[in-house]
Every structure is written in C-alpha cells, then in structure tokens.
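First chain written, first letter: the chains are A, B and C, and each begins at residue 1.
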Amino acid sequence: MTGWAMALFQRDLRLSVRVGGSALVGVLFFLAVVTVIPFGVGPDLNLLARIGPAILWIGALLATLLGLDRLFQADRDDGTLDLMLMAGRPLELVVLIKCLAHWTATGLPLVVAAPVLGIFLNLDPVSMAAVTATLLVGTPALTLIGAIGASLTVSLRRGGLLLAVLVVPLAIPVLIFGVSSADAAIRDPVPFLTPFLILCALSLIAAVVGPIASATALRFASD
Amino acid sequence: MAFWDYANPTRFLRFVQVVLPWLTGLCLLLFAVGLYMSFFVAPEDYQQGDTVRIMYIHVPAAWLCMMCYSVMTLSSIGTLVWKHPLADVSAKSAAPIGAAFTFMALVTGSLWGKPMWGTYWVWDARLTSVLVLFIMYLGLMTLWRTMEDPIKAGKAAAVLTLVGALNLPIIKFSVDWWNTLHQPASVMRFDGPTIHPDILWPLLVMAVAFTLMFFVLHLMAMRNEILRRRVRALRMRAASAAQPGPAGAAQPAE
Amino acid sequence: MFQNLSFTLSQGTALVVTGANGIGKSSLLRTLAGLVALAGGMIRYESGEDDRPAHEHAHYFGHQDSVKPALSVLENLEFWQSFTAPTAAAGFAGEPRKPMEALELLGIGHTAHLPAAYLSAGQKRRLSLSRLLVTARPIWLMDEPTSALDKNSEALLLSLMNGHLEAGGLIVTATHTELALTKIQTLHLEAAQPAEQALEEGFL
C-alpha cells in the first residue's frame, strides 16, 4: 500500500525541484518581502526586532499562497488528474501526499531560510529559534488550507489571486497563533507552549479538513 | 403537501408568488413599529445620548450576517448531499444579501465607534471577526462569478462555504485570543439579562423585522436566479436548435 | 447528456462508438471512466472485483498524454505502474509487462533515460499507451486511439488491442477511422433535444 504513496511523493518532489526550481523562487520571494518591509517601516532595529516574527510569518504566508496555484492545475492540464481519479487510490490520501511533497519542496526551504532572514530583522537567538519552530509546525497548515483554494480554482486560467483571497481568511488563525507563540517566547504574556500547542492542533485539523475538502472539490471539477 | 414538493423550481415560483406579498407587508409593518419604538420609545443613553440608537440597526445587522451564513451552510449541505437544484440557488442568492448585512454591521459599528472610542475603527475582536466574515462573503461571490457553469460553481462554492463554516468558530476563537493579548478588556459589553425592557423591546422588534427582510430579499433573489437560469437554458436550446440533424434519442445499434 | 442509452458488452469484445463531431463520444467515454457523474442509470462490470467501481477496472487513453516533460521516459512510466492499482476480473488473463519491455515493444526503448520533453508527439503518444501495458486492467477506454500515430504504430496499436481482446479484456473506443479488430460491436450516437438537464431539474 505504501509503494504507490512513495512513488507519488517522489514524483511530485522531483517535479517541483526540476521545474523552474520552484523551491528557490519561494525562498527568493520570501527574501524580497522581508527586504521590502524595512523600507516601509524604517530601519529602526528595535522596532524590527519587535515585529520581526510577524514579518517572517507574513512573508511565509504570502510565499506559500503564491506557490500553490499550480499544485493541481499542472496535473489537470495534461490529463494526469483524470488518471489519478481512476487509479483506485483514495483521493484524500493522494491530496495529502501531494501537499506533503509540495511542502517539502517549498515550505521546508522557507523554514530553513527563516533564521538567516531573522538576522536582518535583529532577532535574538531565542526568538529566532521560536519563529523557526513555529514556522516548522505552522507552514504545513498553510499548505493544506491552501490546497483547498488550489482545488477550487483548478479549472480557472488565472486562479492565483482568487486562491489567495479565498484562503487568507481561513489562514488567519494559523497566523495569529504562529506569531503569538513566537512573541510569547520573547515577551512572555503567556507561556510559549500554550499558543504553540494550539498551532500544532490547527495543523492537525488542517491535515484532516484540507484533504477531504480538496478531494471533494477535485472530484466535482473533473466533469 | 410535503416540504420537498415545493423544492421544485416551478412549484417554488408559485409558492413565492403567494407568500411574498404577505411577507413584504408584515416586514414593512414591523419596520414601522420597530423604527418608531427605537426612535421615540427607547430612552437615550445617559452617557452616549442619541448615538445609542445606532444599536437598533447595528445589532440586527450583525445577527443577520451570522444567520445568512447559516442559511448558506444548510443550502451547501443540500447541494453536496442531496444535489438539489434549489439548494444551490438558495446559497448563491443568499451570499450578496449576507455581504450587504455584514457591510451594514461594519459601517454602523464604526459610526458608533467614532463617538464612543474617538475613532472609526478599532481592532476590537467583534469587529475584526465580522471583517473576516465580510472578506469570506466577497470571496464566495467572486468564486461564483468566475465560473461559467452554474452547477460547477455551485458545488465549488458549497465546498468553500462548508470549510468556512467549520473555520468560523476557530477564527472567532483565535481573534478573541489575539484581542485579549493586545487589548486588556472588551470595549463593548451588553449585559444580557439586565438589559432594560425599554431597550429590549425595540431591539427584538427590529431583529424580527430584519429577519423578515432577509427572507423577503432571499425569496426575491432566488426567484430572479431561477429566472436567470431559465433564460440561460432557453438560450442554450436556441443555440443548439440551429444545428442540423433530426431530433431523436441516441440509440444503440448493432 | 445521454438519453435511452444502454448497451452490454461481453468479454473479448470491442465496442466502437461512432457519431458526428460534438455528439458526445468523448463524454460517453469519460462517463464510463467515472470522470463525469451519472445523472441517472448505472454502469456495472459483472466479472470484476466487488469492492471496486467499474471505472477502477479501466484504463483511460484519452486525448491528453499525461506525460511530464521534466521526468525521464522511464520515470514517467514507472510512476504510473506503481500508482495505478491493478484490478483483476474473472476470465481476464492479461499479464502486466515490465516497463522496459513495454517501451521496447512500442519502439521507444532507446529513449528510456531521456527527459520526456525530447519526445515527438507520436513518441509521447506511445509512452502514454505503454501505461496500459504495465498495469493489468480488463477494460480499455480509448478516445481516438490512432490520432498522432503513423501507419506502423497504428498496426502495432491494433495488434495490442487484439491481444487485449484475446486475453478476455474489453475495449470501448471512439473513433473516426476503421479499426481492424477481431470482435466488434458498434454504437452509433445521434443528436437529441438539448437542454434536457434543465428540463429535468425543472428550470424550464
């Protein structure tokens, strides 16, 4: 049973690494967002250190959303999606594995890049570690929630912007708990673990709701 | 006659024709009573003066933006589970109405906020959640408009509506959490049971009037949507009538 | 989409669907493939596995090749081999082939380690066809199978299709050209009044 899952995971990973180096583009975009913010708010290092976790999170959110529109569309355009629907494998699992592969190729590089970008934002080591940890458990939720938007807009030529509009409200809780647990590590209004565990819970919920909803939407999109 | 028998577009149209005038009349009557009560019967607030009267619009609008989403959620279940054509029509026509009430709640909220908080907008937990809801309504409407085929669009929107319905409590919870982190206490508080009857009655009448208004608008919008789909079907028929070839059923031939 | 459409197909037979352009041949195949929901009626495959719907016994060979240019030819094929669940059926004796063997058979063995981006349209078509050989499934749904194929490949395709029929498989194909298959049944589609769906739902 795991053979096909591994095959799918490897294929998707290979594709996203080989086609235009999408992992790199995501990290570049992340870098661009983080670079632009100080031009907007000014180079005050204290201010940047205070809003640093938020900047990193918003950058990660945008980078994730913008990379998601091809998640199912590439497979739909060449007929692969049709064959996947007929392959006799549970579509929910197929979606979950595709999301996992997509996250490994695009989300994980963001997490790895976060500490480096943290230096620009004058983050101290503790908050750097905290932000990285929250991104590690939180970005999968962004990918999984985004998959819902990707499957809803799969048949649209220019679905990218609409995807972001549909998904952003659903991603607000992840953002809130991601940033507040990163903040909690530095300024302890609450213990770090409370929001962090809620963030983990949100990722787990997304791992259930995301695949079910996108699989439903993909089935409808085929006819 | 069972409820399900009405759930056929033609019967539904006949039903709307009978019910709508009565419903509209009742709605207007309640609005007359409710507005009179809220402007002349209800007392001024000892602190806020006449501005408190915004509440009689604001609270019913806020209540309706939640109810409208519930109607859409139920309709979406109807679309996905029973695949009923009217469920789809109902969800689609409820969305703009919901967005309008949400917008009204936001505008009256910030108008009320100006004298109370000294600014039009604060990132109060309640207002923020309503703003998120507003974005969700607009997203749903956009999704409907971007898809050509109404059946497909209906199904996609139904999936999104249900995911949104699952997410709304989570969003509300997280916005509350976020708000308590950044602001010590809630700015607004209605103490439910101790509310004075002079305030409560106009509020209740207005809430019922708004609810009726929702149903009047919803029925009208559903009627229009059904007619719109009828036009679409007729046009499709007209387009294919021009095709050559005799009409007849597809037959298996050996 | 369809009205009064019913047919039965026994093992080892090919059903050739004919009819004017735009009549719905492709839609019929997509419906059989489970990609378009049935508004009414049913599709049943009697000798198949009980816990799988009919379309999971089928290979769909449509207009699109489902070939990823960034993967090598062999990677493309191996993915489909492990991803598509093989299904058995009583009286069907089709055996799956090894990926390399299938590529050799179709004459694109020499391209196995090249990225699929370098293949010509006909070669991509053959790569897509090789998918049907590496996983055994008793039903082949083929939409215009001969398009983009030259004479030699067409003969090869026909021998593969006949081989599949001999092994007890079923083929449903929509085509404009005559196909020299061993056992043929034809289904001719004719135009009916459109907008039936709207009528049924009561919007008219």
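In this section, a contact is a pair of C-beta atoms (placed from the backbone, for glycine too) under 8 Å apart; a residue touches a chain by one contact, two chains touch by 3 or more.
Quick caveat, the model's predicted, so the values are computed rather than measured.
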Per Cα centroids, the chain farthest from chain B: C
Geometric centre: closest chain by C-alpha means: A
Where chain A and chain C are represented by their mean Cα positions, the distance between them in whole Å: 37
Centre-of-Cα separation between chain B and chain A, whole angstrom: 31
Where chain B and chain C are represented by their mean Cα positions, the distance between them in whole Å: 47
In the complex with chain B, residue positions of chain A that touch it: 148, 152-153, 155-156, 159, 162, 165-166, 168-170, 172-173, 176-177, 180, 183, 189-190, 195, 202, 205, 209, 213, 216-217, 220-221
Residues of chain C defined as touching chain A within the complex: 30, 33-37, 52, 55-56, 58, 60, 62-68, 70-71, 75, 78-80, 82-85, 87, 131
Touching residues on chain A, where the partner in the complex is chain C: 3-4, 6-8, 11, 14-15, 18-19, 78-80, 82-89, 222-223
Touch list for chain B against partner chain A, complex: 80, 132-133, 135-136, 138-139, 142-143, 146-147, 152, 155-156, 159-160, 162-164, 166-167, 170-171, 173-175, 177-178, 181
